[in-house]
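Everything on this sheet refers to the single structure shown next.
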Amino acid sequence: MHMHGTGHHHPSAGEGGDEVSSWRMILTMGTIGLLAGLLIVVTYQLTLPIIEQNKAQYLQRAIFDVLPGASRKRAFIVEKDGRLRPEQGKEKHGYKVYAGYDREGRLVGIAIEAKGQGFQDVIQLIYGYDPEREVIVGMKVLESKETPGLGSKIETDPEFIANFKALEVKLKPDMSDLEHPLEMVKKGQKTAAWQIEAITGATISSRAITHILLKSSREILPLIRKNLDMLKQEAP
Amino acid sequence: MERLLFREKRTFKHGIHPRDYKHFTRDLPIERMPFVREYVLPLSQHAGAPSRPVVKRGERVFRGQLIAEPAAFVSAALHAPVTGVVAAVEPREHPAGKMVDAIVIQRDPHSPQTLFNEHPIDWSALTPSELLEIIRLGGFVGLGGAAFPTHVKYAIPEGKYARFFFVNAAECEPFLTTDYRIMLERYPHIFSGIRVILKILGSEKAYIGVEDNKQEAIALLRETMPSDLPCEVVPLKTKYPQGAEKMLIEAVLHREVPSGRLPIDVEVVVNNVGTVAAIGELFAYNQPLIERVVTITGPGIHRPANLLVPIGTRLSDVIAHCGGMKDNVRQVLFGGPMMGMPQRSLDVPIMKGTSGVLFLTDGEVVPRREYPCIHCMKCVDACPMYLNPSLLGMLARVRRYEDMLEHYIMDCIECGSCSYVCPSNIPLVQRFRVAKALLREKMARERAVQG
Amino acid sequence: MKAREPRLLLTTSPFIKSPQDTRFIMWQVNYALVPVILAGIYYFGLNAVLIILVSLAGALLPEWLWSRRQSHPVNTVRDGSAVITGLLFALTLPPGIPLWMAFLGGTVSVVLGKIIFGGLGYNIFNPALVGRAFLQAAFPVSMTTWIPYATPENVFHIRGDLLTFPFMKPRMDALSAATPLARMKFESQLTRLTDLLLGSTAGSLGETAAFIIILAGVYLGLRGVINWRIPVGIVATVFLLAALLHWVDGTRYPAPWFHVFAGGLMLGAVFMATDPVTSPITQKGVWIFSIGVGLLVVIIRIWGGLPEGVMYSILLMNAVTPLINKMVRPRIYGMREKSGR
Amino acid sequence: MKAEQNTSMDILLKGIWKENPVFVQVLGMCPVLAVTNSVINSIVMGFATTFVLVMSSFFVSLFRKLIPRQVRIASYIMIIATFVTVAEYIIQAISLEVHKSLGAFISLIVVNCIILGRAEAFASKYPVKEAVMDALGMGAGFTLAVLSLGVVRELLGNGTLAGVSIMGPSFEPWSIMILPGGAFFVLGAWLLFFNWLRERAKRQQERVMV
Amino acid sequence: MTGESLSFIFINAALINNFVLSSFLGICPFLGVSGKLKTAGPMGAAVTFVMFISSIFAYAIHQILLIIEAPYLQLISYIVVIASAVQLVEMFIKKFSPVLYRALGIYLPLITTNCAILGMALFQTNRGYDFIQSLIFSLGAGAGFSLALIIMAGIREALDLADIPGLVKGTALTLMIAGILSMAFMGFAGLGG
């Protein structure tokens, strides 16, 4: 191109010519592949513990956020047949719920992840369920793309988050449904413990949260109640 | 259903409704213009090859004598409009704006100006081809404006059939009343002309299409129509450009002439009513095409008139005869306001195709500012050929002429309806003319290279 | 006879022209907007006056600067097209919006909606709606906070956040009201038909009085200034679809008249979608366009997250208008072998 | 261009200004639009891209005589993908939050045309020193570009810079700036600005010539 | 529990979070190939097709990587798979429709470096879609890409005839239009639930 001063720096284009044998190609690719693989594996091995720790911390923080008073957690896998079993080691598959225990080892509640369609995209959240009082004791949005300044208030608006400090999700005796399904009402019109006050102007996002919680609690809460005894046992 | 509903008021789709301005001259009978000193006869006043002169400077010619012969199949003969002397054969100003070879005849002031040969021709005794030759030598061209040699129109190609003959009396151009007056005053010649033409063409039936703003003409033609003539007068809704051949055929027959083809492809031959009357006169008086009716009109002339003028009369003489122009004249047109040709000089002669001379004043000629196209759709709704003038105009503006071909620019009949309606004052048809000329040139060049 | 006659003009045919020019058309639209503006002032008092004036200033300023700089052959300020943009934009605003947002939106309308495309005639999107969509995305809260319509006592009061200092947060202490569509969507409450027609509901400045907009539309349609097919196509589509849904489940879906008269449908159908620049050029295309707008309005209103979708529907159909123009070309005369027989 | 004075410094600088990959060459637009809703994201993206650019240029230049022509593109992609994976793990280890907000766009550095473009057009033809300088310049140019978007978008869209409040608490943020529409507008505006600069420079040059 | 319905996955990728206008994937071809409708249509079709194929492969690879527990090979293997998929498609088209091959020929190699494809593969993995969901997602993404491309091509062709100010001409204007389109697509938010 523009370089004349340094004569020997010619493009390597012509050198190999077109008569490169295929074994040389394979050898080159193989070598590069080998080196690349090596480099990746080394990085992976070096960073893995830190990343795992980061992830665990992040999850733990979220769980403790929605389960006030919890200081330890234990993961349970929800089996397809509706039974729960404690997680063994680190499992990649399966839907998990997390039981949180206080310092004395008593079950504070269960943190449950849920997601559903919001206004702009899927909303992911985690909420804490207190089986003793049959209320939701905390909710945290993990991921959302709601309208900034409007729908995004589901993550930040303290008045909205206060909805989830003691939200009633009592099951019917036959566990077929909630006694009083969660309901969204306008701001300042809350009259019952199972009602959620919407954010003014962000009705759609507020309603999305209500729907996600309702759907998830209908599905998961009966399972939790059935396996409550197991959940109450603290990890060994 | 549609045909039942519109039986009496047939028309084409789209088109525009300009004011007709025919009040200037509609009630004035045709008036013969007195002879003047000098006549200028351009050798090219018809579509096709210029005529070849057969007289020389200084030669004496008689009124009605052949002075130039057709130089090709698509060409026309030329006759002396007056008895006199050939003063010159030289380039003179032509209404199209350039200098063109013309035969100049100085009138013999003492001649009685009778016709060279005044015996009626018994057309019934002649064969169609003999009739056709008489018309060819009579120098006949379309008098509506395009001046296409008439004998060429009648030469039906092998395998085609002119089932219908159309007399075009729509006269949709505002201001013009030539055809209207001819219908009122010379209807017998129209009928005899139709008879001759039907014989030449072997057609089944003739139609006379007249716009319904000429009710008197419709009534008169219907009344006086010979009962044995297979001819029907068809009133048409007044709309521009009803007089375009393709529109007229669509209005009457509901047939569309295929793109790039001629009326004969839908079994039709169309002639202007003036041409038909002139053919009638040819056989009645043995008079070739040496004079025509011209509407002298517009707010810029002192005395509007429907004038019978010898071909070759100079515009300045006509103006003088009509009391002169008003001071505020800004534009002088040959033809109507929609498709006419502006004149730069008053020395130009009246030609065979000059249907009218229009004098426009400051009041009409308002310079208008061009706005960008706002896609208002008015031109699309006006275009009788269903083109998209808006798009074509934008392509022309950026000189993408090749792309205009894809949008059928060559089908444009240059009627000017789009320019008329355009609220943004875009000179659409003006640009299309340029584009078509350039494209035609280019295609000719390509053909030359290939051939 | 050689007396050189007055200099004759050598333009080409045609030499007569229809009297309707662009300027005439633009000002006709502006005149038709006057009753709509008056209705807005009647319902929202001084608020309406201020918002309209500020929006107009916001729209005219860049247009004026641009038409000066470009040494353009046409003065686009005086031809009325920028005035239409400014007025229409103002009429879509909630009556309590801070004035600085109205100014900003007016400017965005003209700059982003029109000037970058080369000005009048070349814009793809309706400029007023570009401005509104921008504000909607930028200030979603202010754009969805509605004040109730004025009572005779507070006509001269400035209500809402009008006087917020530029770039500052509005106080948002306006007593807010819900638009008929929002009440329908979130509370399943129907608004009375007479209120929708007369305009005694919450909503944008110029969208509440459906009746007056219809009258203006009829006027423009009769004068041939707008293409009547567009509003008719949109409203008919919305009506038919809404009627169908109402027939299927009358408890979930409101009666068709509600969808036709509530929200911005009338304003959009009569004044926005009819912008000739941004709608198709053939009659068939126009039908596709208007049915498309109607369909999208119903889809967004009923199945979408938003209570109202007229603005988005028109913008989306504006975007596909070039495609419609490409696909739906007029049939050229004589392109059919034998016709009409 | 004057070839003789082609020092490493020139190579470095041209990437930042004259041949800026984003504003001049209009390359690698996806990340420029996608991750510039905050200054932090922009910086991380800029650094990650520069890192991959430099490392891959280094190795491409180093092996330029060993890699047969036929498989060069495949080799480059492999080298690039390797360093992208490395960068991804490093970012993840440093901050999960940042990794999350950048999402798939870190992985997508692989298909950033700037990197493959430099490998093919420059690194494969020049020695290591020049190649690295070129990569650094291009990386800096890219970082500058994403940053210039990030600054505008975060400042207007949130009133902050790198999370620090600049406009004060009563500033009304323009949400559109952190929405996709804002990304297009701001990048469009920057390009407009550079067009204007170039045009002005050209006009001045013409005036000097006259 | 991935509760996303198939209709939502499709509408989300095609309209609500349109791949180009909202997710910013495939911007380069969007800017480059949207000048003419003639090329925009085939490009959209080609990308959609490659996306569909790549989606299947990416799903399979992801499952394999899960089994052999080598997540770090994801990126490399995806890019290799996409490059091969493009090759495969090229061969396939060449064999079965030479006409189409001639029409698409120049675009096919370009697709390899089209970030929309890799983005699609990464998104489907990150969001944990199952096989059917992945396929629908790839179709939605392809539809979204094609839609944006074709609309933009229509607009740009129309603007070829406009008096665009010199400063704005080119990429700047295309970006501004994309911004307006992106705002217009916001109207789809909340659909498909």
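We just call them A, B, C, D and E in the order they show up, numbering each chain from 1.
FYI, a residue touches a chain if its C-beta (ideal position, glycine included) is under 8 Å from a C-beta of that chain, and two chains touch if they have at least 3 such contacts.
The shown structure was predicted, so the numbers you read here are calculated from the model rather than taken from an experiment.
Peer 1: Please remove chain C from consideration and report which sets of chains remain connected through touching.
Peer 2: one piece
Peer 1: Moving step by step between touching chains, how few steps can get you from chain A to chain D?
Peer 2: Steps on the shortest route: 1.
Peer 1: In terms of CA centres, which chain lies closest to the overall middle?
Peer 2: C
Peer 1: By raw count of C-beta pairs in contact, what's the busiest chain pair here?
Peer 2: B-C
Peer 1: So what's the Cα centroid distance for chain B and chain D, whole Å?
Peer 2: That gives a centre separation of 70 Å.
Peer 1: Could you put a whole-Å number on the gap between the CA centroids of chain A and chain B?
Peer 2: Result: the chain centres lie 84 Å from each other.
Peer 1: So what's the Cα centroid distance for chain C and chain D, whole Å?
Peer 2: Taking the average C-alpha coordinate of chain C and of chain D, the gap between them is 41 Å.
Peer 1: Suppose each chain is reduced to the average of its Cα coordinates; what separation in Å results between chain A and chain C?
Peer 2: Distance between chain centres: 44 Å.
Peer 1: Going by the touch rule set out above, which residues of chain D reach two or more other chains?
Peer 2: Within chain D, the residues that touch at least two other chains are 74, 78, 81-82, 85, 89, 175-176, 179, 181-182, 185.
Peer 1: If a residue has to touch 2 or more other chains to count, which residues of chain C qualify?
Peer 2: As it turns out, chain C has residues touching two or more other chains at 112, 118-119, 121-122, 134, 137, 139-140, 305-306, 325.
Peer 1: Specify, in ascending order, the residues of chain B that touch 2 or more different other chains.
Peer 2: 372, 391
Peer 1: Any two chains that touch count here, so list every such pair.
Peer 2: Applying the touch criterion to every chain pair yields A-C, A-D, A-E, B-C, B-E, C-D, C-E, D-E.
Peer 1: If you look only at chain B, which of its residues touch chain C in the complex?
Peer 2: Its residues touching chain C are 16, 18-19, 97, 174, 246, 250, 254-261, 266, 314, 316-317, 320, 325, 327-333, 335, 337-344, 346, 358, 360, 364-365, 368-378, 380-381, 383-388, 390-391, 407-408, 411, 416, 419-425, 427, 429-430, 433.
Peer 1: Help me check something: in the complex, which residues belonging to chain C touch chain A?
Peer 2: Touching chain A from chain C are residues 139-141, 144-145, 176, 182, 186-187, 305-306.
Peer 1: Quick check on the complex: what are the chain E residues that touch chain B?
Peer 2: Checking each residue of chain E against chain B gives 160-161, 163.
Peer 1: Please output the residues of chain E touching chain D within their complex, sorted ascending.
Peer 2: Against chain D, the touching part of chain E is residues 21-28, 31, 72, 74-76, 79, 83, 113-115, 118-119, 122-123, 126, 166-168, 170-173, 175-176, 178-180, 182-183, 186.
Peer 1: Note which residues of chain D are touching chain C in the complex, please.
Peer 2: 167, 170-172, 174-177, 179, 181-182, 185
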